[in-house]
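These notes open a run of structures that come right after.
Shared chain: chain A. Partners: chain B in the first complex, chain C in the second.
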Partner chain A sequence: MRAPSFNLLSSLTAIAALLALPWLVTSDYYVNIASQVVIAAILALSLNLLIGFGGMISLGHAAYLGVAAYLSIYLTAHAGFGHLAGALIAIGATTGLAMLFGYLALRASGLGFLMITLALGQILWGVAYRWASLTGGDNGLGGLKRPHPFGFNLMDPAVFYYFALAFLGIALWCIARFVQSALGQSLQGTRDQPRRMRALGYNVWLIQWLSFVFAGFWGAVAGLLYAYYHQFVSPQTLHLTTSAETLLMVIAGGSGTLLGPMVGAALVVILKNVVSAYITRWLILLGVIFVVIVLFMPEGLVPGITRWVRSLSSRPRADKAADTPSVVKEPAQ
Partner chain B sequence: MTTPVLEVTGLSRFFGGLPAVRDVSMRIPAGERRLLLGPNGAGKTTFFNLVAGDFQPSQGEIRIFGHNVTRKSANQRTHLGMARTHQIITLLSKNTLLHNVVISLVGLRQIRFNPWSDLRRQTQLWDQARATLALVGLEDLADRSVAETSYGERRRLEIAMALAQKPKLLLLDEPLAGLSADERQDVQRLLQSVPRDVTVVMIEHDMDVALAFADVITVMQHGQVVVEGSRADVVADPRTREVYLGH
Partner chain C sequence: MNFWIIQGLNGLAFGSLLFILASGFSLIFGLMRIVNLSHGAYFMLGAYVGLSAIGAGVNFWIAILIGGGAISILGILIERFILRRLNGQPLAQVLVTLGIAFIIADTCVWIWTGDPRPLPMPRELAGAFRVSNLAFPIYRLFVIGVAFALAAALWFLLERSRLGAMIRAGVDDLAMARAMGIRTSLLFSAVFCLGSALAGAGGVLAGPILSVYPGLDSDMLPLALVVVILGGVGSLLGAFVGSLIIGFIYSYGQALFPDLAYVILFLPMVLVLTLRPTGLFGRQAI
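Let's look at the complex of A and B:
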């Protein structure tokens, strides 16, 4: 019987650790941090679809997080909709917004694309900030009570953590399938050789737009969970810093991988919440960590660590091979 | 009169004030082997890019299989039955040779919009891709990354990707450029094996190979057609000598 591979063992260990986390950590505070990591991971995974697999660097991804959060809170807490209807409308409308933003942003590529996504995100931030009668302005919008799906009390930190984790599992599964599908492989082709892909019959714009909308959908799911978690949303959620933070998660963890954005999300959220309790200027520490990652693992933490592990595991074999006497004997002189 | 595979009328393309292609008209019937000759900067590759849809023409009309494709995108033209290779090799270099051919096959199939089915499980496509690689003698390298292959092998892979789509019009932009003598012979044999119902338009500088391959030759200079005709006519024409030797 073949021994299970290292990848399988590490995946099973990670899943077991994630499932056991509420029992492993002692306080609700850390379980809540874990929930925040899970929500950030979904957002980072969705942005990674654009950056890592599509080569489209966006600085407006907070738009989907914020719009879905605003919509779900407004519809459920202020417009009299039920939780399910509010959630479905919020996700549907935010995905529709991604359709429009994708249509506008994909008129350009590279720096132009980045600037359009940045501008669109900032327009939404401006609207949320200034349209106080609808959004609450700088005070934000609150009043949402967490739902009780199938009788589960989401006010319990551990239950909410599992609820969010289930969504992360579904997101990861769907995105992994997408990446290996014909459309996902085509997207990666358009990232590397758009001209060649056109010559092969691919509608590069359409492939990128569909992927943009798919990423917007998962951004909306993250926004819904964000609204349930915080029960409050403010213009800060839509701000450029939120988009930049998500971009940092993807780049630090390793774009173009599935595990990387999740590791990046954990790094940023833990630094933001835990380290900031001990160090006032935690952003400086984040900056230093990011510089170290870029210097020593420019491809990101996950691919970088994988490279290090491979080089370390191959070194003893090479040393051994060097020590082993050659089987082929020198011909007699 | 049968519809020509490629018909170009009064085609021009200006880059700012610079005319790269000027008033080119051409009619290529089915099955013809057409060779485009001319010195560097004659406008041959720009002409290819116009026909393939990479550039929009400033003036003129392009018809492929009778369809006016002047304003159609490159991918729409490919779906009509046109395939091309590029002067500068463009491949998915992180992937294997086999993967590149599979991507080529997927390009013309509805599955390209499928966001769910695992492409690795489409065994029929992978088998077909392997067979196409065997056609160009690359079956042993099928699972090797493109980054680990030689220039000649990449040239052959480009041709394999074009042939995989079973085109009716094949545009080859300097398929022999940068190849060793042995590799040239391999590619030459490969081009000779292309079925006769496929119309081939080729840009090539190697006169010996090109002249042996072509039915009709078009000589271009300064973006214009200077001479057009059979091999014998073009070789005998003093303007050909003038284009190449300057006297």
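Let's look at the complex of A and C:
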């Protein structure tokens, strides 16, 4: 068990860099990409609660992003709700959905959990795709205008970036508190030793379910920001590829840490934007990255590359990768 | 009344296609504990290969063999050179098959473009079968027949043959089966090859009904998952009954509430997972 430790100096530098970003890069294009990274980081942090700290590999996390986005756009742009009411209902209802999905998926564990989350997520995708009268089908749903909370104009890219960054700060703080709390610690216990935890009298199911709902809640927050950012949502948001991209962010950065998923989110979003500018075959690249990561660096891209660089440099050092929690190696049951 | 019969037959036909896909998926999962997320992509790639074969002038029946054969070779290669390296790491295997599914899906768009392609029906099965004032496409009846024959053949293979006894032993207790001298490594290859061949041939067979389009994989894969969750892991009977249930629900759902056909798929999952998490015919929880 590793308490998330931040070097104070480097984290202050990182925060300063994040705050100064709109002045450092003057182009709106890059500020917008930074906003995308921030939103993806919230989503990846929430999925990492399940994967890294709970050992529950979900392939349906796009559900919360997509449902919250659909609901907030539908409620505010098509059903006449105000921004605040729309946002609150969207997040509340999506969290409710997480309660149901968590109940169903936690009837199983391991591979069964993965299959159920995938099936539920893809059914939602099918609903968004087919229920055209409500969701606009393949054309998606638009018409949302960004709100003006407290007189801030969110249409301005830099203002929106700070808006999203504030949410990331809150999410990071809450998730860090959660991980260190008794509940979060017992969640990590259920990841490593579910039987022993059960024998000690912990309600493993309840611990996992509460964490699932908590992760769904932050997924919904990311979905709300996603809706404000794009002002549009399509079935693609709910698709398995979105869940897989989010999973990639978590494994790429190194799961089970707080910093990892954020780094992974930046990597994947930037890579996707850069690659899309040159070729249209992002999906093939996504697949190849998955295969390469699993075969050659199962502990994650960042720790894996670090290990490679270390082993290439002449100084022989003890392999530190061993204590990095690996997603793809299951804990012994 | 006619409506119910016709939609019932449609459901039976769709369930039959689903069974061809899900039986292989379930066998692979039951024996090897591999959730093969590429299975939907195998199905789609098989259909595209069959389409190209027919485009090259081959007749429909040979195209089914080519589609099934090509995918079984692909399956063997993936099993031997990738999945085997990850033996004993089920989650790593799932992620690899997911990555492969993406690669196959995007490659299909690359080669065969994004437009849906109809796969021509064999001439001898075109037309409709008529009883009084009911008409039903002969091809769909044929597909239903194929699925029932396949179910019988698989049942015979699993329950009555030596190979089947070995497979059942492997499903029940892999370590013990190996200790008894069963060559499980060969068994794994055989089962993965069989499952892939079924997926590929099933894709070609489905072509005239569903046509071939990008996204066919992600349409079919979750249905196969639901079938296995419903029917129970590694159970042939479960895959059969589950496929028919989903086939009926999907068919009636699409005819009665076209918008909600997918929402209705939640219901059997909710019911089964709540009341019987092992699935209808499974002996172990998934």
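Throughout what follows, the second predicted complex is superposed on the first by the 272 of 333 C-alpha atoms of A that agree within 3 Å, B and C clash if a C-alpha of one lies under 4 Å from a C-alpha of the other, contacts with A are read in each partner's own complex, and residues count from 1 in each chain.
Rule of thumb we're sticking to: a residue touches a chain if its C-beta (ideal position, glycine included) is under 8 Å from a C-beta of that chain, and two chains touch if they have at least 3 such contacts.
All values derive from a computational prediction rather than experimental measurement.
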| item | value |
| --- | --- |
| Dominant toucher of chain A (residue count), chain B or chain C | C |
| Touched partner set for A:His239, first chain B, second chain C, both or neither | second |
| Partner chain(s) touched by A:Ser181 [first = chain B, second = chain C, both, neither] | first |
| List of chain C residues in touch with chain A within their complex | 29, 33, 35, 37, 82, 85-86, 89-92, 94-96, 98-103, 105-107, 110, 218-219, 221-222, 225-226, 228-229, 258-263, 265-266, 269-270, 273-274, 277, 285-286 |
| Chain A residues touching chain C - in the complex, by the definition given at the top | 57, 59, 104, 107-108, 110-112, 114-116, 118-120, 122-123, 125-127, 129-134, 239-241, 244, 247, 251, 281, 283-284, 286-291, 293-295, 298, 327-330 |
| Of chain A, residues touching chain B in the complex | 177-178, 180-186, 188-189, 192-193, 195-204, 207, 210, 214 |
| Parts of chain B lying in touch with chain A, wherever the complex brings them together | 52-54, 73-75, 78-79, 83-84, 86, 90-94, 103-104, 106-108, 111-120, 122, 161, 165 |
